[in-house]
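Got some structures for you, see below.
In the two assemblies presented below, chain A is common to both, partnered first by chain B and then by chain C.
Right, the complex of A and B next:
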């Protein structure tokens, strides 16, 4: 096994493109090292991205935020501007594992691990986040919801990595939220999750919404029908019921050790409803 | 000098006993100095790894180890063929530690490798070729009992029936306990409720996986260092399996990271020893968490029918139970204990408990705190709760009305001695928790529990050092603070400060035989033996003082840590302290030690009452435990902090069992959740502070009144939590765990 710790993105891409056998990028390692320890993954090459300084930063400009792919969840929580603008995204990353795990875990790693239950992904999708992909052929930006093809599979091609996750500048009267269901209070995997982002007009009527569900399909879903249930409403009980119903209808989960199909379908709706209330109140400046 | 129940009066004025002295093992555990099972290494040591069956049930046609043996660094490969004939008593152990003709469960060991590195051992495991013929399997207890079920062991004919059946089945044995006319009792009742309950298998969840280092010399003498609840048991079993003299094998118990009953048997130790024998090198084997879950000893899963009759005034007229426990692929589930304990809290005219010990394609169950009793109490206490609700009676009043008390005939046969059930119920009734207000979607549950407790074979040595300090050697691994409690009892008896006594767990060559640490026996039995050993040493020290003073030994007494003339007639002599006598030991006859070898009897039974409030989220089925109070009889709490710890630990493990822990098997009979991610034990943030109320009704069988406390605390929680959740949800829950999907379903939401 070879271990590399390049100092630039360019070098990382070069190493990635030139590597033979199975190659893994090492960000926080909270998925990768666990997989290696348990014998599920035996990479020939490991490329650690934590020495690439631009990837360890959260950059802010007029257009929003660029969160480097090596930035940990804990660093996101400590960034006041980011937490104020996108509390749903920051909170979702702060749900990952425990304090110790959050000191390492990245949202790019969470995304590239491609688990349908990844906590930060529905929140990123709801917030309209994009992944900045760098490869031998250059740079491209892809919406987060388009990155995963199925459990453990991404659209990334040989030699490609995610350099950063970008979040747009937050429009006025916009709020986001993410909630997940686990049978315990921490150190668990989402049985279902819902990320919601809403924008309201001056009268409190919803003008834009994005609804995303986790752990209820092979990939995280962006559910436009559920968003439609909110748009044009004041996100009142009736709209919330319609939202919950649309989310349950969109869910196509499996039965497994973590929860039954019927449970996940029901709870997806419950979580969406509860998350929408938080997002609405945030948009109204209530919290 | 030994304590004699009935003759000695119980000591009641204590100096050290009953105080919260610092943990003797605290600093070592905090600093990492403590040596656990996996911390042992030896020069030239090899790493042992075990290959395990991926099938729930399969015939092993052939095992080809040739490629594995050829791997660079591999020194030995063993299979069942390396374990020869052995006494009948350990046959099942032999089958369990290494599959012979058949693999009987997912995770059953089939071969093992020892190599110079883990990587080489891992590579060798992959190269072992096992030719399996996959057989039909069964993992559910009710399914396993059906006549159509695949028969796991065609030599198993149900015992305990009037006539032994001619056909083999998965039912190993039938048990029955009780007295009186149950049918007539049920007929008399104003209300009879009958229900069926199911509980899933759970694991003790000790933090430290099984680990051992075995070293076998070419002269046939061997050593094992391991984490175990009973190193004498390890010696007996391993020497029997390898055909060694028991005394040729010395076993040393390491510091132990939890056991809860799960380390009262062997899994890896004989394998490591066989690898060491074959390789002529020390071999270390450490289980992974997934191996622990797949192939150590979880609890039974159960299916239980309960029928109880009650009158409008709350009198229970009769109780009837049928309990079915699958205990894995071998006979020996804890169903007889479950059947005996089911109704032990009630003084009943008519009671019957029938138990069936069933085998299934799962790992052989091992003890887990009060083995068998929590599930039985869950079922009985649920029905008692429902009867109280239906008849609009207070659940504590009803329990007080029917409670077993001193002298009453136990549902399992004997008459109780002095017991503390009523005292725990009264303490619960008087506690503010019982009157606290509940909010929306919240409920309260009450349940009682019982455990027998045990004494057993025990040997202790107490050595007086020349500087007047004490080395106390016991043979019972400390899984819950027993070194502190036993040391404090010796200090109390000798009249020296507690920190002058160091209590250690001695190896198997240094002491007489000791039963394993089980049955909540250690503080009771090793404590009793330590008191006796202290008295033995005191006797010897009095003799030395008598010699120094030139007076007869009868004229010397021991008080406050010193020999004194017993009366003015004995002459005027300054007291000789323990340190004074110790300093002169060499000149007065040599070293001074006290010993005790007993088969301790008189372990007082213990009862508890638990009170728990929960809140149920009606939209998700999530249960939050809001408040929890344990009331338990400790007889005498030698070290109250450890006693509270035992109460809290039992309650917490019960919360896990009740809410989320379960063995989940797939359709193929393989375990789906062999890790702590999906085998969900409670995390700290899931729990409220568990309040512990110590009740003390002294046990007449111990000089200080001690009763074991380690196990009773896990008996009531399953029922108490289920009663609380049923109260909060407004529906009767009848299956564990009460995971969110199950609660939501019971609520009719899905």
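Right, the complex of A and C next:
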């Protein structure tokens, strides 16, 4: 196995495009090293992106944020401006693993690992985040919900890597939230998760919403029918019931050791409902 | 096989080693440098027995390649005591009998030290969450949590007793 730690994105792309055999990007390594150890992944080449300084930073992108692909969850939690603007995204990243894992794990890595249960992904999708992809043909931006094709599979082509995750400028009276269900209080993988982002007008009526569900389908879903249940309402009990029903209807989970289909379908609705209340209260400036 | 040459700092000492590309930092510490204080419990980042601090950040050394250590500052359990003088956390772990078999202990100590450097007055809940990635199959955690809270209390004491004394002097 070869190990490379390029200093620029350009060099990383060059190495990635020119590499033979299987090549893996090493960001936090909290999934990759586990896969290597268990024999699921035997890369011929590893490209460590943590020596690429722009990829280690959280930068302002206009009025939004560009979170470099090598930025850890802990660094996100410690960035007050980011945590204030997008608390749902930051909290979702802070749910991943232990303190030790937090010090290394990245949301770009969480996305590229392409697990349907990735905690940060529904929150990013709800927030309208985009992945900045760099490759031999240049740069492109793709909505986060379009990156994963299935468990462990992404749309990234040979030579491409994610350089940063861009969170948009947050409109006025907008709030986001992410909740997941696990059978314990921490250190577990989501049985189901829901990310919600809502924008309200001056009267408290919802004008825009994005609803995303995790761990209830082969990929994280953006559920536009569930968002429609909120738009035009004050996100009252009636709207929340409609939201929960739309989320349960959209869920198409599997049975596994973490939960049954029936449970996941029900809990997807419950979580969406609770996350929508938090997002609404944040949009109203209540929390 | 081609080996990677790495220059790094471990517990303040400039250290050089060579390693294979797929060797973890934990393997390097234990097998190449003879620093066997960091333990391998699971090798997959779940148990925290291999906890070290890299550039001020608590991490599992089993989830990091040795090659990644180039130019970093690494702190391990071996750097915790000052010669024969134990770190206050180490002493409290003994006082509270916060260990039995001892495999998890280095990881708990490194992790707890990292917590107290950030937060000198953690609540019990904060201690428990911070240490959630350190697994112990012997103690039931309670003695460990008490040892950490007691250490924090003791380490805060000097500052607290100094302040009123300083005020008195100002008044006089």
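Convention: the second predicted complex is superposed on the first by the 285 of 287 C-alpha atoms of A that agree within 3 Å, B and C clash if a C-alpha of one lies under 4 Å from a C-alpha of the other, contacts with A are read in each partner's own complex, and residues count from 1 in each chain.
Note that a contact is a pair of C-beta atoms (placed from the backbone, for glycine too) under 8 Å apart; a residue touches a chain by one contact, two chains touch by 3 or more.
From a predicted model like this one, the values you see are computed outputs, not experimental measurements.
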item	value
First, second, both or neither for A:266, with chain B first and chain C second	first
Touched partner set for A:22, first chain B, second chain C, both or neither	neither
A:38 touches, of chain B and chain C: first, second, both or neither?	both
Partner chain in contact with A:258 - chain B first, chain C second, else both or neither	first
Which superposed partner A:153 touches (first chain B, second chain C, both, neither)	neither
Which superposed partner A:53 touches (first chain B, second chain C, both, neither)	neither
Which superposed partner A:8 touches (first chain B, second chain C, both, neither)	neither
Partner chain(s) touched by A:187 [first = chain B, second = chain C, both, neither]	both
Chain B versus chain C as contact partner of A:224, first or second or both or neither	neither
Common interface residues of chain A - those touching chain B in one complex and chain C in the other	38, 186-187
In the complex, chain A residues that touch chain B	38-39, 181, 183-189, 191, 256-260, 262-263, 265-267, 270
Residue ranges of chain A in contact with chain C within the complex	1-3, 5, 26, 28-30, 33-34, 36-38, 46, 48, 50, 72, 74, 97-101, 103-104, 186-187
Interface residues, chain C side, partner chain A - complex	4, 20-22, 24, 43-46, 48, 51, 54, 57-60, 62-65, 67-68, 70, 111, 114-115, 129-134
Footprint of chain A on chain B - complex, ascending	122, 288, 290, 619-622, 659-660, 664, 672-673, 677-678, 680, 682-683, 685-686, 739-741, 744-745, 749-750
